[in-house]
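Alright, structures below, take your time with them.
Each of the next two complexes has chain A plus one more chain, namely chain B in the first and chain C in the second.
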Partner chain A sequence: MGEVHVIGQIVGASGFPEHSLFCKWGIHTGGSWKVLSGLREGQTQVDNPQNHEAAYWSHPIDIHFATKGLQGWPKIHFQVWHQDQYGRNELYGYGFCHLPTSPGVHEIECSTWRPTGTFFQQISQFFLGGGPQLKNPDLIYSGADRYKLHTIAMGKVHLRLGLILRNFDRFGIEC
Partner chain B sequence: MASSSVFLVMVSGQIESAEFPEFDDIYCRYCFTHGLDWLITSGLEEGITQVTKKSQDEKQRFVWNFPIDITFKSTNPSGWPQLVVHAYGPDVFGTDVVRGYGNCHVPITPGRHKLRIPMFVPESSSAFQKLTSWFLGRRPEYVDPRVVAQGEGREVTRVRSQGFLTVSFNVVMKDMKKLGYDVLPSDVVHAALIETVGQSQAATEA
Partner chain C sequence: MADLYEPDIGTAYYRTNDPLKNLRFRVRLKRVTSVSIVPQAQAENEGNLELQDFKEDQLQTDEEEQIFLWQQKIFGQREIELYQNPENCHNVMDKKYHDDVKKLLEKEVPSNRIFSYVDHDSFSHQDETLNFMTTSPKEKPTLLAKNMAHIRRRRIGGRQVKERERGIIPKINIIEPRPSEEMKAKNHVEAPPIQVMYIMADLSPKEQPTSEEHEYILCMLHIDANGVISVRPDFNRGRKAYIIETISLGRERYEYTIEHASKPMNRLEQDKELKMYREVYNRHKDFLQACVGQEFELPPPDVLRLVVYGEVEMAKNFEFDDIYLQFFVDLPKDWYAERHQQLSWVTQTCRTKSVKQESVAHFGFPFQVELFYKREFVKEEEKDLLPHFPVIYVEVLSLDSWQRYRTEGYTYFQLPGKPGTSVETSDCWRPAQKSVVSQLRRFFIGGSPELEFPTYTGIPSTFDGSHLSKFGFRTETTGSITMRFNTMLQSRLFMEKKSTKKSLGALLDNLGITSQQASVTSVIEAFKKARRKMLHARESATRDLLKDTRTT
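Let's look at the complex of A and B:
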């Protein structure tokens, strides 16, 4: 069995219209993958930056996977939320990216999007805030049924992930 | 047998400098956190730097040039060591208050790495506490700075990021490859694949 260690950080986010952001994240894998240790989902702190344009979370990730096959290589998915001064949360973006398949340290930028909804929903969001959310969060990382959605670009999530693979070359797998 | 399943990670480096545009007279403490399988074989787990003023030029850097030298051993990369840094400086009353917490993993690949760590301070959880901390001149701090290296329980904290700290690392590893761990992409020329799969193929052809 091959083993994969994912060691790194969700560094932060940039390019969102407001700061004071936090992020819910999770890692989705195929059926042949097993988590041996570490957290596979979590939520970052809320960062309200003093004088720069990006929010920083420095959220550590350290997961140990074991796998019998390469299918269903892990994906990390995000929901970026904005928290206003009254503590109300508003969805700012969905995004996912595959974990890199080659060992070493990777700096990753993951672009995000959010659903726009109908014209009237956009008008009401402009005045009242809030906005449509996905009923089924699986859509963040799956390609099925996406064609019904209308979305708009939001900011980017920045990651620094290190990968350590074990025993992959024993099975003749080149990564 | 037990000794053969151990790998070593030697880390040398320095806490180079920091940027805190609003403050002066900053010192920095550091500590390493690691998982249960890890042990420190040599070097100091914690340290504290000198107090420095910012540079006179427009960069306004706080330079510490503070050495880090530590060697870890482990049987399992899970719980990979993290560096936790926390910077302090005097407020208007002269008491030391925290100016930033930051964390990063020790790089998992051998070689030289330079990292710019964002520094953040926790915020008061309520308006009342904000008021009392303003009157008493004490701002919220973590009881144990090592919580910034944990992924759990962060959803309840609100922070404000306000500066950066630059650290450089030189990492050397021993016996990672021997235990089957790949930390760098396999070299096409020297791939282990050629030795194993290729040889057996050549043997069948012969």
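Let's look at the complex of A and C:
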């Protein structure tokens, strides 16, 4: 049994077209992984920076996994949303990254995208907000069926994660 | 106190998890007189019996020792006088002290100099407000210091701990629009609640009535809710005693020592505690194992397992918009994958956005590669073949609004052989068209030349020769691709060699090329030996030559 501690934070996001962003996150793992303690999903506050380019959430992540194998290494996935002045939320980006496999502190930049709609949808989104979302959020962290999708590049989510691995050397793993 | 000897009177910090009622310390106070400075042995030699008796007597009276428990109240002379009189007693605590003092006086009139102020005594509170930082007589406490002192005073007694245990965070209205003074005081200080205790000495001259100005602080102890004990000054532990000089007319000097006197745990108790802890940890371990299971998946013996968790991060600076990637893993000799392992992928199409005048497409596309390396027996003619790592070949394409695609570029990535995380960027090229017509064709209606074998990007799979030349093939540089690889290696050999921390290189040897390397090293060794011999011979030859020239 190997154990992984993930301690860190979702620092913030940059490169999105508007301010006032928030983020939903979750960690997806394979079947042989178990969460011993900590939260595997959450949502940040809405951050509206005064004069920065980036939004800062500093949302804590502290989770302890135990695993029976390397299959299904945890993936952390995000949905970045924008809350407009009328309180409506619209999707701004999907993103994911694997948790690093080496112990230590990692600064990660995770690029995001969102589905594009038809031409008219894009125009209506420009003026009114909204836009298509994924029916099946699995697609954020799986590669299958991606070819059907048309997307547009959005901003980046910044992460700072510290990893502690335990017992991995005992099973002959170099990481 | 610019004395010759100034002991280190800094604060010392100790940590404990044990109950505070076990804490005990011994304070010994001694007056320094001219007699006590002179060594006793000398006095014995010169003095007569009477004098010696007298001295010993005096020494005894001038030395005092007291053992304190945590928050144990011992009354000083001034307090005894004060609390004797019921008129001075105003609140419950004072009344209790009055009773205690009365009981004390029934037995005998104490004459102790050492006494204590405990947490709820007013002195303990006053002192914090009067804590000046410098020796300047004009120093005034700042506004902040004053307010802090008040806050601290209010928070004594572990109220905060109770609040934390309740641990309710309201879900709505987490913002207080008008914070009250009470709330500000509560939330603006992070310091944990503390308990204090002062060990004091009443050093007033015998003939004078006791007064507060003759009380000296021997030692200050703080304990906060986290079990941090701070002692100022530190326990002596055999070091030189601390010195106090009184401000009274006599300018008397006192020495005092503070020693930690808690009863040490005996062997049995220590063992018991250790056993208990061990049991707790074992139980926790059992619980975890019950939750997860003990076993861990392992590759078959004599096999190196390479697991790569990769992400296609972004593509930059390609000519057309709406880019997508096709990529696959090419396995060199001796590598194999399991049947269900996917080895080729297609990403979604992504429209670019411009970041600092570069067009960037984000993919966030995951792929997982799990490969196995098994070295088959080494043939004689392939002895010098070193193991290759698998390669990812990437083809970048763009899709236009008419659903026609254009080749945007080719590149390849070597799967990292080093465990850990790496971000790699690779530049792309695409075959160039010579004719203007084909360029126009690409621009207007799409379609462009493609490579017949995508492995031509790296070392072509059909290549068999000593020099790889791509001369004659014309390309055009296009954009770049960024990928992130999280690599892990697993092998049973790593398990066996855990303590020696075998590197990957050494492992690959063990997986089948040990003999080859042995021969290489033996050749190198032989060469070195020969070279050494040659040098030696040359040296002796020159020496001989020199000798000859000198003699002639």
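What we mean here is this: the second predicted complex is superposed on the first by the 175 of 175 C-alpha atoms of A that agree within 3 Å, B and C clash if a C-alpha of one lies under 4 Å from a C-alpha of the other, contacts with A are read in each partner's own complex, and residues count from 1 in each chain.
In this section, contacts are C-beta pairs under 8 Å (C-beta built on N, C-alpha and C of every residue); 3 or more make two chains touch, one makes a residue touch a chain.
What you are looking at is a predicted structure, and each value in this text was computed from that prediction instead of being measured.
In the superposed model, A:Ser58 lies in contact with chain B only, and not with chain C.
Contacts of A:Gly143 after superposition on the shared chain: chain C is touched, whereas chain B is not.
In the superposed model, A:Ser102 lies in contact with both chain B and chain C. When the two structures are aligned on the shared chain, A:Thr67 is found in touch with chain C, with no touch to chain B.
By the touch criterion defined above, A:Gly15 reaches chain C but does not reach chain B.
In the superposition on chain A, contact is made by A:Arg166 with chain B only, not with chain C.
In the superposed model, A:Glu174 lies in contact with both chain B and chain C.
Using the contact criterion defined above for the overlaid structures, shared-chain residue A:Leu36 touches chain B and also reaches chain C. Taken together, the two structures place residues 36, 102, 167, 169-170, 172, 174-175 of chain A in contact with chain B in one case and with chain C in the other.
Interface of chain C with chain A (complex): residues 288-289, 291-299, 307, 309, 311, 313-314, 322, 324, 342, 345-353, 355, 360-368, 370, 419-421, 484, 486-496, 498, 504.
By the touch rule above, chain B contacts chain A in their complex via residues 21-22, 35, 76-80, 82, 102-105, 107-109, 113, 117-118, 120, 123, 148-152, 154-155, 157-162, 176, 179-186, 191-193, 196-197. Across the complex, chain A meets chain B through its residues 5, 7-9, 11-12, 22, 36-39, 42-52, 55-62, 64, 83, 102-105, 162-170, 172, 174-175.
The residues of chain A lying in touch with chain C in their complex are 1-2, 15, 32, 34, 36, 66-71, 73, 75, 94-102, 106, 110-113, 116, 140-143, 146-154, 167, 169-175.
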